[in-house]
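Okay, so chain A shows up in both of these, paired with chain B first and chain C after.
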Partner chain A sequence: MDGHTHSTSDRRELQMARSMCWHCQSEVSGEYFCDRCVKVQPVSKELDYFTCFGIPRRLSIDQQQLETKFYELSRAFHPDFYQNKSGAEQTISLGNSAMLNTAYRTLRDPIQRAEYLLDLEAGAVKEIRTTPPADLFEEILELQDTLNEVRASDRTSDAAASLRAALQSKRATLEQRQRDMEAQIQQLFGQWDALQDRGDATEQARAERTRILKEMRDILSNRTYVKNIVNDLVATIA
Partner chain B sequence: MARIVGIDLGTTNSLVAYMDKGTPRVIAGRHERAMVPSVVALTDNGLIVGDPAKEHLTRSPERTVYSVKRFMGKALADVQNELAYFPYTLTEKGGVIRIALGEKTYSPPQISAMILKELKLRAEAFLGESITKAVITGPAYFNDSQRQATKDAGMIAGLEVLRIINEPTAASLAYGLQEKTQGTIAVYDLGGGTFDISILKLKNGIFEVLATNGDTHLGGDDFDRLIADLFLADIQQQFGLDLNAYPDHMQGLRLEAERAKIRLSDELKTTAALDLPEGKGRFTRELTREQVEALCTALVERTLGPCRLALKDAGLSPTDIDEVVLVGGSTRMPLVRQRVQALFGTQPHCDLNPDEVVALGAAVQADILSGGTTDMLLLDVTPLSLGIETMGGVMSSLIRRNTTIPAGAKEMFTTYVDGQTGVDIHILQGERELAKDNRSLARFRLKVPPLPAGVPRIEVTFLIDANGILNVMAKDMRTGDTQSIDVKPSYGLSDQEVERMIEDSFKFAADDVSARKLIEARLDAGALLTTTEKSLSDGGQLVSPEDVAAIRSALAAVAAAKDGNDPRAIRARMAELEQAAKSLTVAMLDDSLKKGLQGKKVSELT
Partner chain C sequence: MAYSDKVVDHFNNPRNMGSFKKDEDGVGTGMVGAPECGDVMKLQIKVQNDTIVDAKFKTFGCGSAIASSSLATEWLKGKTIEEAQKIKNTDIVQELNLPPVKIHCSVLAEDAIKAALADYQKKADSK
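== the complex of A and B ==
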């Protein structure tokens, strides 16, 4: 998706203009069911998850509202209710349900939601860090050494036991670090949403927007890195 | 729309249910038992199913198949360490287990189809209409191959399987409908051969599964086995007899172990008994609940791990669970209830019969599909992660476990060599890192137009449908052409094989029905002969010698017809016998009334 060029409303118009009912060829105004023949319409691939749920592209989300909408759309799309319908409608129902379930899973989780928004806004594919974050560089190199030592050692030896104890305390530190980063992301959520709400198109606002997205991306990628290290650590201790 | 029935295809027992004006009901058979033992036996008169087949377990164990569900969607290698426990012979053909019955061999779906057919006939007789569509239940933790095998069984039985529904979620539908259960619930389902745990959120008619886990090889069968092993050791010690050499007695032992276990759910101690072969007399042993609990505690503990994992995946702790629902016959064991209560810290519910609740839920789902119930919707999950094998034999996960279904994932494929015309794709299911440690679902070759390396772009869509079964589609992103993919299952029947089995089943259907009628008539005739003979010896003096002679000759006629092959003749002679014995029946009734009440004659009362 080419996030930069279209705002949410542009995107919606674009999609609406193109839509035509697959069954009766009458125009469909972005709704999930044709006004004329009441047939279910395939959800457009261009449609982003926020629009799909009818919510603004903000990062703080009312979970209750999201769930209510998810249940409502599930009732509209689920294959259970298309058993007596045509093959075409059954296929659409299946595709729409699968897409809806992915959308809900993505938006429900704050980290996945932030990653998805980054993807939409900055067109960034998820970057996988290969080097540790600068402030953790020393600590993580040391940790990697310990991990290698544990893997190479005899599991039952005293040395291995004390190494594992050391790893446990490292694990606590890293998990704390992960939580700190999640809190930082939450802060950025607030800044992003405030910017969206102001809705001004000044040069300053654009710069602010770019800054928030960049910070968010950095923190997200650091968090993923730390999370993978923690997983690795847990697997080694087990 | 034609009626859709709900079927619980269980390891030990199966049931069929239907929706009766908004209330799900199980369908009882002619002898008023709703449960059909999941047993198929080959007799001289053909294949029989259910209660009569169960009688053959001790008579011809090598020709009587039970617990076939354990073999659904499996290869022989998967069940290697269990083979010794089964008296019938298992072989393998093309990655699918075959069970030998006489001259022929049958796949597990074919055996299951015979059980389904029995249920189908039962529903047809009860409802007075032809049944061609069904919802069939399966363990939540069943993988793709096991689900596919269940679907195949339905097709072979002449049923269009509209949905494979998970057993614990089916149970939740029954609870939601009948007990108005709401909130976050855990369904703990311990059946004859499988264990499932599902965590659900029930809200405004939506049944959202948050997580599921389980063990498809853990159930009441395993408890019975431990108890039987205990008896076996005792018999060896007391009588110097290795019962393993006597398959018929081994089955008797297994059934006695099961009965003792069941009695111990209500009593604190019981006595098990078994007649031994070789004139060794009778084995009796006292067994206490405590002893059985000591034997089974490790197995029960094994169910708690999956419970904790499901809670973790749902992001919940035990205190978040509002209600725990018990499903499956094995949850009648007090030990199971204690452990479940200890884990969740709440008294588990079992208001609905744990043997019937799954079939009832299947009937509710059937009603949803037929458009009858519109306010309830089940959102289930896939129990296992789905992925593909990547470079270095590692599994790359595409759809994570506990993802709400239908679920889809797309993956782009290209080529590494100029002019390459195909890409091999290996689909896996499981939670392990390495491809070889996971279940191989299927392999297929993606067709690619010959172009320079890296130019083709083929998008493959993996879609898990509402049955939890995988569908694969491919699209050439350059041309927009879609290609259908012939996915060869790693452990399952190919479409052609299923087709052939359906044909076979139709070919033999006519034979089957007449064989079945004959068997049933013979069984009924046998029962009538026994009761009439008993009446004659108890009350023969109450009627005239002419009546006794008439009854005797009618008895002989039934016995002769029973040895013949015409079920109609048997039924006719039975009716004649009942007519001839009427005077005797009335006289005996009068006599018992006289003795009991010193009252009037029946003829005066009516």
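== the complex of A and C ==
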């Protein structure tokens, strides 16, 4: 664990060392402020959200730590504190605040966090080609037909009432499935984090990483499909 | 953002909605989805003597996804397998005037065509 944290911070220092203060041109080694002239520095676009908050690239994160860091940085970047500063500093303060808010929203939500991590680790998410789950698709399209029937039917008729009852139980099944998938994702979170903590770069570890990412991609996609049809179902029988 | 008249027309009067039996002779089925938005598209072709004689689709998704697949089935009918391979998502974008945020719907339709053709080919080869 120690070795891993170390290598992350090394990399971070390297990244920072290469940047120069926009104001006094000295090398910036501090986190977000120049050591020499104390001017705020724009957060690099290349900086990922995990590094931005100074937390390891894990999926189970300490919400408390994330929040504390968010408040700390929010105060540091807040536009209110830059009203009497130069235009350049005001612009940086705005940009950093916006980026910070997006980063916080993304990392706070477990699903968004996983999607973001997939983006980071796999480049474009699309590169991991998922196999379309044919059974699930058939089920969704069939259900969609039933929903169309309900929409077209006379709401007060007996037929519509029994259709709605059937859909209610279908809804329960689908929502349960969604919860199961979320539990599976949580499990993968654990596997990913364990792998990250070990930090080995063996062939086996790489294969394991790919497997976890691909499984996560699949489940996240399927979850979106199920979530969409559930939303549609709920709206129809409401 | 407003949908173009053509999208609205396909959405209100979808052409060739429905499905064939998957194991029917000469039927190719393409099933694709867009994980980003959760859209699901099923497109089927019926082939006789290398020509697509009929096509059907079922789509669960936004108006543009429905219009794209509806248009695709219209275009597929009467085409040979080889001609069908040449249908590009950009043709669909142009015909339906899809805005940039909806281009992925046309990509999905092209993927569905390709998948249906591949499925047909696979079934034909295994005979």
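We take it that the second predicted complex is superposed on the first by the 205 of 238 C-alpha atoms of A that agree within 3 Å, B and C clash if a C-alpha of one lies under 4 Å from a C-alpha of the other, contacts with A are read in each partner's own complex, and residues count from 1 in each chain.
Following the convention adopted for this analysis, contacts are C-beta pairs under 8 Å (C-beta built on N, C-alpha and C of every residue); 3 or more make two chains touch, one makes a residue touch a chain.
Being a predicted model, the structure only gives us computed values, none of them experimental.
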{"item": "Contacts of A:237 with chain B and chain C, given as first, second, both or neither", "value": "neither"}
{"item": "Contacts of A:47 with chain B and chain C, given as first, second, both or neither", "value": "neither"}
{"item": "Chain B versus chain C as contact partner of A:55, first or second or both or neither", "value": "neither"}
{"item": "Chain B versus chain C as contact partner of A:94, first or second or both or neither", "value": "first"}
{"item": "Chain B versus chain C as contact partner of A:71, first or second or both or neither", "value": "first"}
{"item": "For the chain C and chain A complex, residues of the former touching the latter", "value": "31-33, 35-40, 42, 58, 60"}
{"item": "Residues on chain A engaged by chain C in the complex (per definition of touch)", "value": "125, 130, 132-134, 137-138, 140-141, 144-145, 217, 220-221, 224-225, 227-229, 232"}
{"item": "Chain B contact footprint on chain A (complex, rising order)", "value": "71, 74-75, 78-81, 83-84, 94-95, 97-99, 101-102, 104-105"}
{"item": "Interfacial residue positions of chain B with respect to chain A in the complex", "value": "1, 162-163, 203-204, 206, 208, 365, 368-371, 374, 377-379, 403-408, 463, 465-466"}
